[in-house]
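Next come two complexes, and both contain chain A; in the first it sits with chain B, in the second with chain C.
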Partner chain A sequence: MAVTASPPSVTQDLLNSLPKTLKLKTKQQELLLRITTLGLIYILAFITRLFSVLRYESMIHEFDPYFNYRTTLYLTEHGFSEFWNWFDSDSWYPLGRIVGGTLYPGLMLTAAGLYKILHFLRFAVHIREVCVLTAPFFASNTTIVAYFFGKEIWDSGAGIVAAALIAICPGYISRSVAGSYDNEGVAIFALLLTFYLFVKAVNTGSLSWALASAFGYFYMVSAWGGYVFIINLVPLYVLVLLVTGRYSLRLYVAYNCMYVLGMLLAMQIRFVGFQHVQSGEHMASMGVFFLLQVFFFLDWVKHLLGDVKLFQAFLRITVTSAVGVGAVALGVGMASGYISPWTGRFYSLLDPTYAKDHIPIIASVSEHQPTAWSSFMFDFHILLFLFPAGLYFCFKRLTDATIFIVMYGLTSMYFAGVMVRLILVATPAVCLISAIAVSATVKNLTRVVRAKVQPVQGGSGKGTGASKGSSKGVIDNSQPFQKNGAMMLLFGAFYLLSRYAIHCTWVTSEAYSSPSIVLAARGAHGQRVIFDDYREAYFWLRQNTPPDAKVMSWWDYGYQITAMGNRTVIVDNNTWNNTHIATVGRAMSSYEDEAYDIMKSLDVDYVLVVFGGVTGYSSDDINKFLWMVRIGGGVFPVIKEPDYLVNGEYRVDKGAAPKMLNCLMYKLSYYRFGELTTEYGKPPGYDRARGVEIGNKDIKLEYLEEAFTTQNWIVRIYKVKPPKNRW
Partner chain B sequence: MAKLIIFLFLTLIPILCNSFTPDKPSDRRILVLLDDFAIKSSHSLYFKSLQSRGFDLDFKLADDPKIALQRYGQYLYDALVLFSPTIERFGGSIDAAAILAFVDSGHDLIVAAGSNASDLIREIATECGVDFDEDYGAVVVDHAGYAVSATEGDHTLIASDDFIKSDVILGSKKIEAPVLFQGIAHSLNPSNSLVLKVLSASPTAFSANPKSKLTSPPSLLGSSISLVSVIQARNNARILISGSLSMFSNRFFNSGVQKAGSPTKHDKSGNEQFLTEVSKWVFHERGHLKAVNVQHHKVGETNEPSIYRINDDLEYSVEIYEWSGTTWEPYVADDVQVQFYMMSPYVLKTLSNDNKGRYFTSFKVPDVYGVFQFKVEYDRLGYTSLSLAKQIPVRPFKHNEYERFIPAAYPYYGAAFSMMAGFFVFSAVHLYNK
Partner chain C sequence: MKSKSENPVQQTTTVTDPSSAASIDPIFHLLRILPFSFLRPPRLRLKLPSFSLPSSNLVFALVLLTYFMVVSGIVYDIIVEPPGIGSMQDPYTGAVKPVVFMSGRVNGQYIIEGLSSGFMFVLGGIGIIMLDLALDRNRDRSVKASYATAGITSVVIAYVMSMLFVRIKIPAYLS
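And then the complex of A and B:
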């Protein structure tokens, strides 16, 4: 009874006290504002990546994500142990692939974990939806990490700006839209988290932060091969600190703990295994590890000796012998083959021309191409100008943390210039450094603007450096139009940032939200035309071919055929066996009878080619064909690239090379195409992708027969005939 | 009542349709196409031997407009005999393509040509890898291996005894008397790997027009000339092509034969024995094998696994039977081999058999993972070619299938544990020793 009586008085009290409690102190207001902003950024980062789902449907994009999706499905269906030991007999026929030991499982485990949690919470979602939304979800998380990172290296204002910039930066969105279920989606989060935790560890010298960064590194290793960037950047950073005389016990604790534990943890990933102690790419981190011990030892000796001269002599001997021992160990390791040399991919990063000359299979991948200037502008927009400004601010206030971000920014910018896909790695650094520029500028300007109104304000300002305070004082007294100028500049900054937001949204919706498995084009009347030929073809394969049929196609489509068509493929996007791919390339570039023998030896039942001549789809097999010739010719010298060219020119019309006009790929692409009129006013057999009339319109197939061609001829499937009955 | 009739009809269909099945591979219904019905009587001995073995012969004129090989997509006959060398165009719906489609769907064919063989017959032969002499007047002439005869002096009647050495095709009983042959020569297309000479001409034979003077060297010479050839297609349809229709005739069957230069005179030519035995082969009464019941499993288990692990021990078995004309008899041979194949054979083992048709072996899966096949490729002269392939993936060890503790690693275990103990002691001493 007492309970029922009391409520009125309590509510009365509350009502009275409510206005009082709602009145917040400035600090609380600021905190509330910050949290709200971060919350909005968090949501924004998620929803800006949903264009593709709204435009098309909730589907997995591109090529590699289909493999990730297939493995995630397997993981949720069969459990972790089966996944870990999965031997996939459906790909790389007849070699098979040990999937469990040749992938980075972080993404799949993350998605499966999210799926389990959602089901535990009684959300009956399909695993595909989880996979589609994993990348946006982790992009949101990345913004939070970016905030803390920015706060660590500069201040919380820079953190918020960094979070906002990275939330919508096209360079990051390109790899993390909904449906882009790829390793990079979670890896950028892991990368930034590791860096943040490491910088935090260096700043605090705390074992627990170093431990956390080791676990962040472990997650990164489990998620993406780009972890090599971390394991090389961090030692480089340590080395720079050592050289510049910034060695401290904090650094010693942070690096040793992070390196040793991170290495041990990384060895648990089967695909990485013993690489940390055996591969040339990881040797730098080990060298720096030993160097740190030498430094520590020298420090100790210096402390013991006290005599400068004696110490100098000791230093010389120690350093010489340490470097000598290291060099000998490295040399012996390299010579005995215990330490593997650098891989081709690593080489091609350091020397952009390496792959083109030596490894066509790496050079052929579109995302390994050198970056065009326009794509920097496209992906970074104003950040490209803010980046140097940010560097300026960083150099003005050099700390351990800013040195790190500067190094991260500069190295990743170099790599971004080498390979298109590495723009992604540079994006967080560019956003953070630009955020410093924006934040520092705006802060200075606002201080100027507000200084005239409230001359005494220094005390309540957020924690700022002493240099700022003094500069403010100088500006205050010097220029009378300072305030107006500052206002102008503020508006300018606001304008630039709003342009950035508009640009980012436009890029996201126009360029980065197409699934590439469903193509869209504008029709004659401006309406949207959807080409869903890929899925049509894969569905046909699934429904109309024997379950153990083997499909030969160029490796680009391997993952999609296994995931959507559920059929065995000869090669796929995991390009681990160059010879096997070269065999397929050779079959595609041989005459039909020679190709038939190759196909028979591989038990091929169907051949799938992608053809864009009807729709004008330019990334089809005919345009990729020279890579097939090159890769095939790299292993089988009977295939020679000049045989397919006329005066060094690649053509498919009447003037094409005779071998070109009669090779399997040409025949399969253009079979019966000569009968088709693709464009009004053009002769039949007019190839819209290349804008020419084809050179061989009367194609007869002897060993293959057309099995299926999709609505817009984008995918064509041929059946390999059995051997002749009477011959 | 109507229902009953339908019911009876439906139950009878399987009985009516059981003529040619994989279980009883011998042919039953044979369509014989003739130039004219006189051949029916002049070659009656040959037809009788077929009928006496249970074949149901349907004689039709080759240009009969009502003849058809199939109706409603079902073939009406199991085999076809073309004793119509001069036919230019078949009646009804039959043409060369229809006959080849008939063969390609697994049915047998006997083609007999003659000195007046038409283009149609030549075309069918060419499609089967047999090229008749393009000179229309040419016949086989042999001035050394002719049959001694009272009437004919141009040496176009040949007595040949150069048979293929195969008991499966010609039966185990040796053919003593030479075979009389009078007709045109053919050669085998070298690119065809399936066609076989059953009866070859002697090295002195050649193909020419005996009525005209020989101006240029004959295109077909010596033992490259085939008189009778057989083809076993990849689907095991069997084809017999002969350059002579008259060798099937009663007259040749009954006449005596003496080869020129040979002192022995046989009272009866070898034609009847030779052609009867070959027809037994063509109509699958002999040399027809089937392989059934392919099984493989790990040693000590009985169920077939869906995947093997490297270094598993496995057992493989297959049953092979031969059709004797009435029943399936166990096939006994010691040269049946199985391959464990992935791009190349990793294991090649000869199967042992228990004389009851069951062939078996056991071996260890190689230390290589991938998608393997159990392959039995059994191609023996005259026999049905057996080609069995069964796909099976082989996986590597799982992470927990390796040996847990290996002696070679004991120093490392020792090092790790002594390090841990040492660190513990050191910490204790360092912390509490003051």
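And then the complex of A and C:
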């Protein structure tokens, strides 16, 4: 026979000779592909958050995480019972702070748990490394939960796309980067887990899923104050289902179980306490709970009564009386004061103008500002296009689960519009809905691409083949055009998603990976210059001041001073006592002698100010000074804001108001600054952050003396002199 | 005294509601006894307004409108009250030039720039929706082709314009 050794047959032989067990069927191939993809997404979510660890070092960022780190350290050193009953006398001197009852313990317990597990496996890591990497670890877990959630709502393809989108979405990365050891890192995982378990419970009606969702809710309550979103969204969802006629026993079981058990578990957290029955923010869930009981009762009566007309009348009476009794009970509760009204923090979400007029502390935080379009674009990119398309697909196929994700998406987008910080809560919903759009569109396009070629003559003997071909829905005579068009559209979709990935990586690298405690800038020759002044100052405090020294500074730096400087502070970021903060604000805005009296009454030994005039650092105390005046003036009317302004304008140069030029903050920031030349070609005393030459260069301090100024003059520490001896 | 003045126009009616005898509503029975045993209710042709749930298309249209407003930063406009369009004075000629994009910060905008960007986002979303309508089977070819063209052009225009807006606003974008 002719030796037609064709190479393809060699490979065929090879393939045939593989043992039967290694050749995978399509289903197994699909499973392998899915698991590999999810594994890669898991790793991607972790490593994209590691920019700052690689650029700087493994340290805790920002302000709030330092308090969380300090409490976690205390927990690992002293045990849970000491932590739960801890009274901290090192902050808010002389008031102190009941730490155990005023924090959400979920984050600390999680990190301490991970630390204990690692130590049990004989990995001797420091607790700081565990704290730094907790958020990326939980971000990876969130992608897995997003996959299951997407599978529940739509199908597994949408789940994978959702996991991929949420792994790199900048809206989530901004609060879960390595080093950002804050409640949100764990809370978003708990939020998505609770929602997934609840939707699963509503879809299956099973008691075990409902119990699991109650425990998920408990984890969320222990982790973050944003649990109020869950306890209001879920009742709203139940109400929408009832109104659209989708009441079912599955819904009844799921909501009842989650509400009752979740409420009881939530009361175990001391910070939450009895708010679930006492606070106005939680009343919606209770109202819907009772309404659901009424629905069940009516269903039962309908089943008992045969007569339709009788039942209609009974229905009218029952609903009217139920609503009436509920309204009366709510009225009595609110009038007697048992049910407290909505707190300012959450009320300002419903009425955004409230905080601006009434609560300056809330209005001053930059994260609480309303959102402009560019913040949305920065944090979401093409997801902003895919979100309305995904909503359209959800409306096309309305089920209990898609109604939930639509409601979650709409409410969270509204709140994200009110406050920049809440873009984080909207991110999982936006990613899931966009994943639905991507998955449905790609499915449509691939259906067109993979359509079988239709035979030109009507298939007589190919009955089943023709019907199968026609079910792919392609008309024969324009087939290649449609196929090519669909291929091009697929490439277009691939291009858009790759631009999304590029954007996300760029944003993560440039905008969201800076540990605010270490500053970086470009030098004259393009090299990177690092300013480590904050930590320099805190370690100076730790090593050169007596252990019981009290430090007064603006509340932004309180957590960092107690955690790194290990000294007692007057006010810190918890901002629970407005009068105390106003006292500090008054001291900073008064003349030196009045401020000395206030400082002596608070036993202050050192004063710390942050000054950016030498480096051009714009988040310093002089730029925050007007907030000190406003907050101080809110409690002590002797401080008036117009005294510090000139024609409504805030200035520090020669034309500034005389009260501004002589107040304590001005003196402490610009002491000896008039002798310094900061920029070539400018006079000495040129403030690079404000861009002007300062007005009062000849500053003399009578009651304080300079103790320490860091290398780039960013942090300045002054010692309060003891009172003069009396004759 | 005949109580004719109470119902001057209609003739008296003694036709009672057929279900009144069988009604279990206590308030109904109370009212039957107290005012309406001597007052004669007029015969009116009124219908209780019945509300039906709006169709899903209407709800979706409202949702798109709300999305447009939120994403344009309307809450920012209401609270911070920026001008509709910014202005800059030319240093050499002294003329006042309009500035469309507020530069310097990511979280700041003028009203017009917010609305135009929001419009671009919604246009992109509608483009993808039209693409899906184009791939629907039960239409004839010409309608599907026009949907497809409109969808593709919308998405392309929306994406290009959005990228342009971002580059104008943040000069250091993607560098």
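Please note the rule applied: the second predicted complex is superposed on the first by the 678 of 727 C-alpha atoms of A that agree within 3 Å, B and C clash if a C-alpha of one lies under 4 Å from a C-alpha of the other, contacts with A are read in each partner's own complex, and residues count from 1 in each chain.
By definition in this document, a residue touches a chain if its C-beta (ideal position, glycine included) is under 8 Å from a C-beta of that chain, and two chains touch if they have at least 3 such contacts.
Fair warning: this is a prediction, and the values are worked out from it, not measured in the lab.
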item	value
Fit or clash - chain C, chain B, common chain A	fit
Partner chain in contact with A:543 - chain B first, chain C second, else both or neither	neither
In the superposition, chain B vs chain C on chain A residues touched	C
Chain B versus chain C as contact partner of A:527, first or second or both or neither	neither
Contacts of A:391 with chain B and chain C, given as first, second, both or neither	second
Partner chain(s) touched by A:84 [first = chain B, second = chain C, both, neither]	first
Contacts of A:317 with chain B and chain C, given as first, second, both or neither	second
Which superposed partner A:726 touches (first chain B, second chain C, both, neither)	first
Contacts of A:98 with chain B and chain C, given as first, second, both or neither	first
Shortest CA-CA distance between chain B and chain C [superposed frame, angstrom]	31
Chain A positions touched by chain B in one structure and by chain C in the second	none
In the complex with chain A, residue positions of chain C that touch it	19, 22-25, 53, 56-57, 59-60, 63-64, 66-67, 70-76, 78-80, 106-109, 113-114, 117-118, 121-122, 124-129, 131-132, 135, 137, 141, 148, 152, 155, 158-159, 162, 165-166, 169-170, 172, 174
Residue ranges of chain B in contact with chain A within the complex	100, 103-104, 127-129, 191-194, 231, 233-235, 237, 239, 307, 342-343, 369-373, 391, 393-396, 398-399
Residues on chain A engaged by chain C in the complex (per definition of touch)	243-244, 309-310, 313-314, 316-317, 352-353, 356, 369-378, 382, 384-389, 391-393, 395, 398, 406, 410, 413-414, 416-418, 420, 437, 440-441, 444-445, 447-448, 473, 475, 478, 485, 489, 492, 496, 502-503, 506, 510-511
Touch list for chain A against partner chain B, complex	81, 84-85, 87, 89, 93-96, 98, 270, 548, 568, 601-602, 722-727
